[in-house]
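The structure that follows is given in the form of structure tokens.
Just so it is clear, A, B and C label the chains in written order, and each chain counts residues from 1 on its own.
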């Protein structure tokens, strides 16, 4: 329990850093950096909780807001150094979305959503913060660009639901499913994989 | 009950197709097409349910996600043919928004919203999925373009509330109100009707 | 109670006018003006209520929708005159965000959010309607431009939480906190204050 809670806080901070860095790239002021860090960090999980009709965790637990503030301060202070770390950040981000996906599916199943919805809500947890970030910064949402991102979350979330139905130990399940998200994401970045464009997916010629 | 449920599923599939087609037009990958189909299909109803503080229906009932997936697959497979059908699609869309408006008002009244809110939530049910679709694709929201779309929903929703207050039989009411939405929408497309621009609405010269 | 309720309705109308005017500037039709007025007026408070997992007030109480409609009609009728009043409107807007911030913090604390979340939800109440307005009109959100707006709300919300913990009389607290929001906002507009850009905030040279 303590480890999961710690990981959730850590993931939240990572997402806050990612939102703050995106804001920095768009030359917004310090408030805007904080705002974007916050919205990116809590967006996905809050949307999941709203769909589950429960209160988002940061409304109940102030620690989430504290770690977000720390993440934003780190982004403001070490902005230049963080850009140099971009490749490392992809790594951390891949860990983060793996973990957020699993937490999201598990929570959705606990609150008795159906299995399909749990998969979607797991993917939402990991990726909708970024969608809100991109909409507010008026850049094309990452989720609609040709990277394999949310698809990795869907794969991991589906694995979690299947293993959960097979009564696999939750800790093993969580580790396996998060690893699947991480692996798909990292390999697809490394080899520049992308999904086919929808319009051409089922036609023999362009 | 069974017919209403079937119609709701059918309407959801129609909206998924419309979202997926819009995504296709913007050259997103197959995941993006599915994502946009899903978001367009559940956006309006989910927003209504969130405002009513109840769980969106797709979280409870996996059938909605299944019909959305079917709609997305149809869009991917028959993309070219569907474009050729654009005029027919306007017809189906007009049926769809008529039906979604009525379902939305009725649900809102059942959950004891006030009459004005019920009208707005009926309109939201039918049109906010499209707003979310347009925001994510970064095109000007249809609802703000000079077509008569949401206005038709408002008219039908208002009629439903009035007839409901007059204790008209719900089935007759639903049919009459959905028909009003459909008729206004189809006539306004056919004759290219539009509302006056707000800035000039109350001034004698432009 | 009656005065607070009256002020809340008045603030809602002010926000509806601001949204409708922004829509007018973008040449949308009369429906679009009404829609934008409504969304701007109820956006911030609705988001706060959704996060608190309660029903937005306008779903329960039709008076909010009535005053919004009046605000929209005023905007449509007196569009030109209102532009001439732009400076005065900044004044009213500053009063409005002060009041909305305080109402938002107080409600959040009443519904047992943590103190940090209450501050954020107070700021959300006053500023997220404008964010939604700007996203729908596809203009850069005011909150991310270099004006001191939401920052003033954060300051006032923080003061409210501190005085509330010191058991200061709620009426005095509300007045002091709203005044702080108002004063910071007005002085920053008057002297063209802005916050430093995030990227440069912690570096000695640009």
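The criterion applied here is as follows: contacts are C-beta pairs under 8 Å (C-beta built on N, C-alpha and C of every residue); 3 or more make two chains touch, one makes a residue touch a chain.
All of these numbers come straight from a predicted model, not from anything done at the bench.
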item: Self-contact between copies chain B and chain C, residue sets same or different by half; value: different
item: Superposing rotation of chain A relative to chain C, computed on C-alpha atoms, to nearest 5°; value: 120
item: Between chain B and chain C, centroid-to-centroid distance (C-alpha), Å; value: 29
item: In chain C, residues with contacts to at least two other chains; value: 50, 53, 135, 138
item: Chain A to chain C touching residues, read off their complex; value: 20, 23-24, 26-33, 35-36, 38, 46, 50, 53-56, 58-62, 65-66, 75-77, 79-80, 135-138
item: Residue numbers on chain B that touch chain C, as the complex places them; value: 50-53, 108, 113-117, 120-121, 131, 135, 138, 140-141, 143-146, 148, 150-151, 154, 194-199, 201-203
